[in-house]
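I've put the structures underneath this note.
Look for subunit A in each of the two complexes below; its partner is subunit B in the first and subunit C in the second.
Up next is the complex of A and B:
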């Protein structure tokens, strides 16, 4: 029964849907990593964005405007992280932990103040982004059921893989981000301001992460619940790392995590213990990281043997 | 005649710690020449060039470019004025291609994208113009050192460098790569560029430079036409003692052979042979000095002797035991002590206190370590005793070593290394960069250990030190011993300078091995 479920177009459709928020965050992690900073605040940025996505879209009574406002806010949090790390010389991990902890508490507080509820935002009349069906593809058997009828942001996330790839590898700013991340001194010796580049990269990273956060409450679901990011920001960090911090590599690993997330939804139909099934995406992360590190270690050993 | 393209007048640079690195130095560059800046390590060459490249601002002095006074506040300004620098440690981004590295920061654009094809074309053209044979689409990480250096030179040229500073460019190159570099530097000169060539290798200067400015302890010893000055004269200006010091030593009494080295070859990371087939013996009761300009393989020799590297061929025997399979701890258990060259990286843990540092080679011994806990009372006693004995100036042993002055840090290192009753001491630049008082204290200690029958290998670039301490003296030049002297007292500084700079070389080394 489970095998049938996995082969069904519905499962692949659900995989894409579950991949979307992780994918945005993975791209965000990749841009930050390329400039030499680990953006561990992804989780907090996503959580803030999930809440404010609901609030903004309710305020503007428009999903698009809500998304744009959320992206601005995500960029600002990225800027804040950059300010801590680059200006105040805080440790990047500690600054990120602070942002994540603030996000945990502040989202509950704000939700309580504005909706009177500390768990769900269902009393706020928000406007989620719509699903679209793609004219020709929707009629293709199987494929149509997988690809068509997804949320707008799912398509946007797929397009962003290409956009971020082009940005990093074809545009001057991307080249400079990569140069700064790899050898700051070399970049500075030719007159590139490494700080400016890192500020820009972290803002972009924040914007990308906020899109993933918005999707959670304005696409994947239509309301905000506390803690709804459920570690996706951290999973994305792992995904980006395993994908070699490249957009395309990160995309393939995000798909894996999306699939394990979708799988855990299907398994709930069987009579497996709920708690174990819920652990699936996280176990996938740990196993994935372990395999990745092992392979890399072996490769290094081979290289050093040669040298 | 050609005019002066650049003049640095009466430059003075004093570092915040009070060390005068450059004192009243004047340097004049003529258009289209290769100008050597010659001097030993620490003579102030690099500091002077840092001033010229906008990395350090001088306390005094003026810089004129084509007769116009200029202020250089940052490398960027220097680059804009047509001054380029090829650093000893390359400033390249490894995962990018050669072309990307060359255009980085001023990329050619096609609308909002980098015009990669144009970047490749520009780089190819540049390489062709200057006769550099480089595949510009290769990633820098895949390139050998010699080619990386060419990329650095191209980078500077693409930014319009008329004056190119080359900071010891041959230090990392193999002889073949050096040959190739020289051909290219001559080509650059033909095309009208002015080059500053920093070096302490006289043969290289003779072969490609037009004029040379010689520096010694921060001062200029004058500028000379290379064709009109002999290597002997150059070495005399470059090497020499400012003050002569003497120490009392007991008459030499040799005991058994402690250290035996046979046919030792050590390769550096870039595949350059750093120690080239060395053999020598050291007996208990003598100080075996190894003189030489830094970077002639002394560091690699020490790494092999102390077990820091295992990548060597040949044999090292300590009291007739081969150490090729012994780790550093096992070598130390053979009563070998090591004063490392760089006290801050290998000598101490700067963020730990004096007690921890003094204990770091002893904490495993049952005398100071119980089954679970350290025996703090005993440790405290020992540490306080050492602080007193070695005159370490500190508030208490709880002070972090990094807070002490250079001389006192070195005393901590020496106290630790000498406190284990060593039978062999490998002392690498034991008094470099510390005050006179601490230096003479440490030298005195070394002599005491020698008198007590310890075998000592003293590696030093300081002539006072090798002259006064050594019972036997070898000079290291390009990985080999260029000479060995059993009667150090008869040796003159001039003579030693010739051996250090490779002007003189003995084919047969007498007295290096005991029968």
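Up next is the complex of A and C:
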């Protein structure tokens, strides 16, 4: 049963679904890290976005408008973080912790005030984003079941990998972000306002994270439940670091993490101690990283031997 | 600005004083106060407690029994007033018994019970620790989740082989269980569920999954979807708090069934009601009626904890029109019979409380 389950298209389908929220947040972490700031507030931004995604989409009665409004809000939280860190000179970690803690309490409070329930937003009639089937591909036997019929945001997240990559490496603003992150003084010496760049990077980071949060309650699930981000923001932060803070590297690690999450879900069909199974995503990711760094180290050694 | 602020403060103080002064005079022979750390309308414990008291009042008559409900609110800004309100009610010495519940009221109750040793309390839905030897004035009522889960397990096992149901594949007899974490309470649900399922179908297989916490609803959904899509499960039972709501979404996605828990989840999620045959409930109202009746006879023992099952009316499954629509009559009759057997003592439902990990594992292994 377990082997069948792993070979079934549902496994890869579930992998992509589990990857999506983490991927958005990983990209958000990468953009912030490239400009030299650790955005640890991802978790809080996602949690706020998961709640407000439901509220906004219910308000506009449209998933797309709800998403756009949530992205604006995510950008504003990013801006708030930047204001704390850059203007008020708070420690970036402390400011982020503050945002995460506020998110925990405030989401419950707001949920209670607007829906009369502290656990679930089911009384708010929100509009989740639809799943779409892709013509032609949906008819290909195995591949169709994997790729087609995913949520719109899953496709968007994959596209965003390319977009963020191009943005960071092919566009002037991306170059500036990287320059500020590498060496602030050098960047300023050629007339780049490092603060302005960092403000922009954190706003972009907030927008990306908010898309991940929106997906949780408006795609993955169709309502908000308290604390539903469940540490995905922190996992994404780690995934981004493991992927060398590049969009493509972060994507690989998120995908690995998503695949091992889906695998651990399947393994629970067997009768093994679930505590061990639940460590699987983390263990796989660490082992994957260890192999990757080992291979890279070897390569470098070879190069330096030649030199 | 300052003046306006001061004026506001004065107004607030006057209002709160009059609010205190409003305390009703108690006329009946026996008076109860129900202090809710929340509001009525929760479709769960609080509503149930209130309905129980109303029922009792109607039964005994207002001159014999009366009660007052104080809704203290559940918002974060309300929390600081829970303890003072409780102490204030104790201080009035007007009530024969004060009823509070849930773990959030634990500390306040422990304090009040020490300060007012002559005041009697009923405490529901959380185990009170009597080991200190104090708190002889608290009656602690708990609910037998294993008994109600037994009935849910039986219902699941009966439904999963019933081909007349629209979303059932009768060829196999797999049922699902989604727990939050592996702990004694969740295991107690599981042990009852497994026993109930095996009672009606010895060959039943139970797919068991744990989310790892009580809030990751997306993971709960994925786990349940895996059970439905790859595990051959047609019907599941969620005992995972908010994370368990993921199972109901999964059921809606996969066109399968899921049983609710703790509140009538078919009423909580009306759009997904067609996937929720019934929910397992703790009947707080009944347990309070029972306690007060015993107290009126002078038979209620304080200073101990008591677990109520079907025979005391402490637990139930929702049996409304929705249940009758979703569950075939033959199955309903069988469930009623099983319930009667539990009440009569013919069936003794096993409990996970006090069992070792190996014993629990053996129970799980028996349905793989």
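Keep in mind that, in the parts below, the second predicted complex is superposed on the first by the 270 of 307 C-alpha atoms of A that agree within 3 Å, B and C clash if a C-alpha of one lies under 4 Å from a C-alpha of the other, contacts with A are read in each partner's own complex, and residues count from 1 in each chain.
Everything that follows uses one rule, which is that contacts are C-beta pairs under 8 Å (C-beta built on N, C-alpha and C of every residue); 3 or more make two chains touch, one makes a residue touch a chain.
All figures in this text were calculated on a predicted structure; none of them were measured in a lab.
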| item | value |
| --- | --- |
| Fit or clash - subunit C, subunit B, common subunit A | fit |
| Contacts of A:122 with subunit B and subunit C, given as first, second, both or neither | second |
| Which of subunit B and subunit C A:255 touches, first, second, both or neither | neither |
| First (subunit B), second (subunit C), both or neither touched by A:230 | second |
| Contacts of A:176 with subunit B and subunit C, given as first, second, both or neither | first |
| Partner chain(s) touched by A:268 [first = subunit B, second = subunit C, both, neither] | second |
| Touched partner set for A:5, first subunit B, second subunit C, both or neither | second |
| Degrees between the directions from subunit A toward subunit B and toward subunit C, using C-alpha centres, nearest 10 | 130 |
| Which of subunit B and subunit C A:191 touches, first, second, both or neither | first |
| Subunit B versus subunit C as contact partner of A:221, first or second or both or neither | second |
| Which partner reaches more residues of subunit A (counting touched residues only), subunit B or subunit C | C |
| Shortest span in Å between Cα atoms of subunit B and of subunit C, once chain A is used as the common reference | 38 |
| Of subunit A, residues touching subunit C in the complex | 1, 4-5, 8, 10-11, 14, 17-18, 21, 105, 108-109, 112-113, 116-120, 122, 216, 220-223, 225-228, 230, 261-262, 265-266, 268-269, 271, 274-275, 278 |
| Touching residues on subunit C, where the partner in the complex is subunit A | 41-42, 74-76, 182, 207-210, 212-213, 215-219, 221-223, 225-227, 229-232, 241-243, 245-246, 249, 268-271, 364-365, 368 |
| Subunit A contact footprint on subunit B (complex, rising order) | 75-76, 79, 87, 90-96, 100-101, 104-107, 109, 112-114, 116, 155, 159 |
| Subunit B partner contacts - residues on subunit A that touch it in the complex | 166, 170-172, 175-176, 178-179, 182-183, 185-187, 189-192 |
